[in-house]
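By written order: A, B and C. Residues from 1 in each chain.
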Amino acid sequence: MMEKVGVKTLDDLYAQIPESIRFRGDYQIPSEMSEMEVRDVFEKLGSQNNQLTCFAGYGVYDHYTPSVIPSLVQRSEFLTSYTPYQAEISQGTLHYIFEYQSMMAELTGMDISNASMYDGTTATAEAMMMAVAAGKKVNKVLVSETLNGDIRKVLDTYALHQGIELETIGEKGGETDVEDLKTKLAAGGVAGVIVQQPNACGIVEDFTGFADACHDNKALLIINSVAADLAVLKTPGEWGADIAVGDGQSLGIPMQFGGPYVGYMCCTEKLIRKMPGRIVGMTKDSRDQRAFVLTLQAREQHIRRQKATSNICSNQSLMALFVTIYMSLMGKQGLKEAAQLSYAGAHYLCDKLLATGQFSLVYDKPFFNEFLVRYDGDIDRLFSVYLMNGILPGVKMSDGSLLIAVTEKRTKEEIDRFVEALPLVNGLH
Amino acid sequence: MNSKLYGSLIFELSHEGRRGYSLPKNNFGDYEIPASMQRAEEAQLPECDELTVVRHYTNLSTNNFGVDTGFYPLGSCTMKYNPKINEEMAALPQFQDLHPKQPVSTVKGALALVTLLEKSLCELTGLAHFTFKPYAGAHGELTGLMTIDNYHRSHGDLQRKKVIVPDSAHGTNPASAAVCGLEIIEVKSDSNGQVDFEDLERLVAQEGPYIAAMMMTNPNTLGLFETRIPEIARLIHDCGGLMYYDGANLNPMLGACRPGDMGFDVMHINLHKTFSTPHGGGGPGSGPVGVREGLQDFFPVVSPYHGNFAVMMRAYAYILSLGREEVKLVGPLATLNANYIKESLKDVYELPIDTTCCHEFVFDGLKDKSTGVTTMDVAKRLLDYGYHAPTIYFPLLFHESLMIEPTENESKETLDGFIAVMRQIAEEAKANPDEVKSAPHLTPIGRVDDVLAAKHPVTTYRQLKAEA
Amino acid sequence: MAKVIEGLYYSESHEYVRVEGDFGFIGITDFAQNALGNVVYVDMPDVDDEVEAGEEFGAVESVKAASDLYSPVSGKVVEVNEALEDQPELINEDAFENWIIKVELCDKSELDALMDAAAYEAFCAK
């Protein structure tokens, strides 16, 4: 081969690289390992992690993963294939993305969905940019104070570099203050409004009047939701939202210490050409068969370049497949049942904790499967004791309150054990 | 796959009352979700039994083509083999079941992995720190540009909003700059396919104080090493700008040259290209961003946790498997394979720049254009022979671009097979051009009507039913 | 050879203006529609919007490309070609016949900065 190419040594292939920057010698990385040795390394690292009974949420939830899913998504034709630019040999991918789009549109109650985005936080940032781009010379976006702080940080980052002005809508009694929203909208120059349902404290808010207030002021309403909750909750579409975004991790994706998850973005039909990300459409092929293809690519980075609606190139395709199979298996009824279990488990735990007299709800407002409580003792001590007993009691907020989430995966025994561990904390006084 | 038997949408296989799931009983007592909270209309999701779901997706997969199926010479994508040990490690429950907000004392192993991967990447690239927050290459580009913008802002250089990009750059480059609020200025390529240094000097003289950075990949999108990179870096640094490296073409540099040594200050890596993590049909990827010492304080917050952690696990398993002995062969072997194909086909395909390439190179269509057979036709005909097409119509510098990147994994036999088929297609173009122009013939579907799809997009089942 | 019509004014970004009294009909040239390929969508402004010479006022999309539209003149939009909403391909059929917007011109001297048919033809030949 080297003869064909006309070189004597592999080194000759790099003759054009200036010697001053040519790398010679060895990289200081570990020596080559066999599979067995690689397994060993990971076993040792893994043993330094604790798998805990998880009552933590705040955007990432411990949900049940049906056994069917890993075996299907690991099929190499799905796993090792590229983006479906060559439609003729990618009908598998394009077909499931069409199904994914259809299901997300159903779940959110919106007209259109894209082929997915990186995660819920960046999808929300993309919605923010979409609202500003869709508006006429407006660059202000209102964000509720009740929005998850992790999402807000990402919005702040994108807004800074895009020259978008973010203004916070105040909170009242744990919910978005609708009067403050109306005042800020009336001040003018608002492209979009971002709220979360359930909000960062788990409260299910009442968005009556929000859509009208936004539209009267030519602003778009953007609602961020945990996907699985929409199986039963009033949808963004029903609230009159223009854009629905969020994370699909709750549809059976393991927590994996932060990713990969899958962001969803759905919108009204009017906004389809302003929506970033890939979109799959149905068409016919030269043999008159039904076929699927990436469409509206003229919006995307590889054609529009600096005029693109976003710079996004990939979606989280395999994760979109993951949740599509989840929604196919669990289906209409399964998703509802899982949501009902989560709701029941959370309220059961909440009642039991309140009954101990050591916990109080921070806000007396309706919640779904996540709630915020104040513990009358030392919260850090509670954490230490619970962790030692294999329980992650929730997410500690900056003011010392505790956000607890319950999913269909938490059994009655596990929840009872949560309450039973409390005396152990007291016992250490 | 038998399309007649298995070509349905999952919705078309749904029957009311069918179940594919099992959940524990609800024995918590009387906790009903209040009607006022609930949605008025049910989500019309399918109701299928487990076997139907399994058959449906299993059959769908047979309509796809992966690296495990056959040769995938997509230029700029680095479709190398995805080792299965990576998959096994990423699925370990001691990592899969971790909540990202678990207290630090309970995730020491996961955090150690992040540090170990960071150290390896620093070694391989010659940079000092990495952030793993970006979820993909384009996200990494954005993160890198935001880092540069933050750096300039901190120095009060608020006027530095221009980024120089070669005219051969990938579409994500200008798009990422735009999302970061920066403006692109293009520098021309010279007749050798490299950055036109005189044009660059002119741009810098003209725009000096407004330049935030120069963004490029090396080797460039034509697969050619930018030999004047040390001078380019000096020129940009002297005017106060930073150098950004698009890591899409890092593969041939493993064992040859490090971006940090070339003079780059910031870069992103595509773990799903260079470090063998699977493409997954279009994601998830991972685009960690590296910087030289001093710039790490300017990393923006573009995601909440450590990015696509499970993807990073795969990359680390790959680096351990290669080790210091093998990783330095990745670049040379990828380069050898690419040059071998180029030399074997340049008599029938038009090679606009006839020089040693790195890991990929570009043909400008067939040498014999009289047949009217285009790059699109050649690409579609390749599908009939069981190969995935190369990258087509990119870079935009040539009208009939065909970009080929074989990667270091492929054997001589595979390359020879591909070369033989490419020669065959060149023959067919002369002997039977219509056969090529109407290809593919042997794939599950023929060419699609994408005009119809763009003019009247049908993107959901609900819409399909409504319009039926 | 792309069609070029006498009596119209042309811009370097391949738009034309057909002047009728105080109004101008603006569209893209035959050369442009040919380069774009099958037009699948036209993004048009609203009636009463203001346009400015050299500024973007919309876009034309095909499968493989999306091209911004730059107004050759300044003025107020008095009509948009609604036929293009359902049949964007009319632009491919006859780009000159199927204008995109009708504008009330506010400064006719701007026409002096544009090319005539002969100059535009020479420009395209380059």
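We take it that a contact is a pair of C-beta atoms (placed from the backbone, for glycine too) under 8 Å apart; a residue touches a chain by one contact, two chains touch by 3 or more.
None of these values were measured; they are calculated from a predicted model.
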Q. Which chain has its C-alpha centroid at the greatest distance from the C-alpha centroid of chain B?
A. C
Q: Pick out whichever of the two, A-B or A-C, is joined by more C-beta pairs in contact.
A: A-B
Q.
Could you work out how far the Cα centre of chain B sits from that of chain C, in whole Å?
A. 37
Q | Distance between chain centroids, defined by C-alpha means - chain A, chain C (Å) | A | 43
Q) Just how far, in Å, is the C-alpha centre of chain B from the one of chain A? A) 22
**Q.** Multi-partner residues of chain A (each touching 2 or more other chains)
**A.** 297-298, 303-304, 307
(Q) If I count partner chains per residue in chain B, which residues reach a count of at least 2? (A) 450, 454
Q: Could you tell me which residues belong to chain C and also touch two or more other chains?
A: 40-41, 61-63
Q) So in the complex, which bits of chain C are touching chain B? A) 38, 40-41, 61-63, 88-89
Q. Which positions of chain C touch chain A when the two form their complex?
A. 40-41, 43, 61-66, 68
Q: Under the touch definition given earlier, write down the residues of chain A that touch chain C in their complex.
A: 273, 297-299, 303-304, 307
Q: Flag every residue of chain B that touches chain C in the complex, lowest number first.
A: 450-451, 454-455
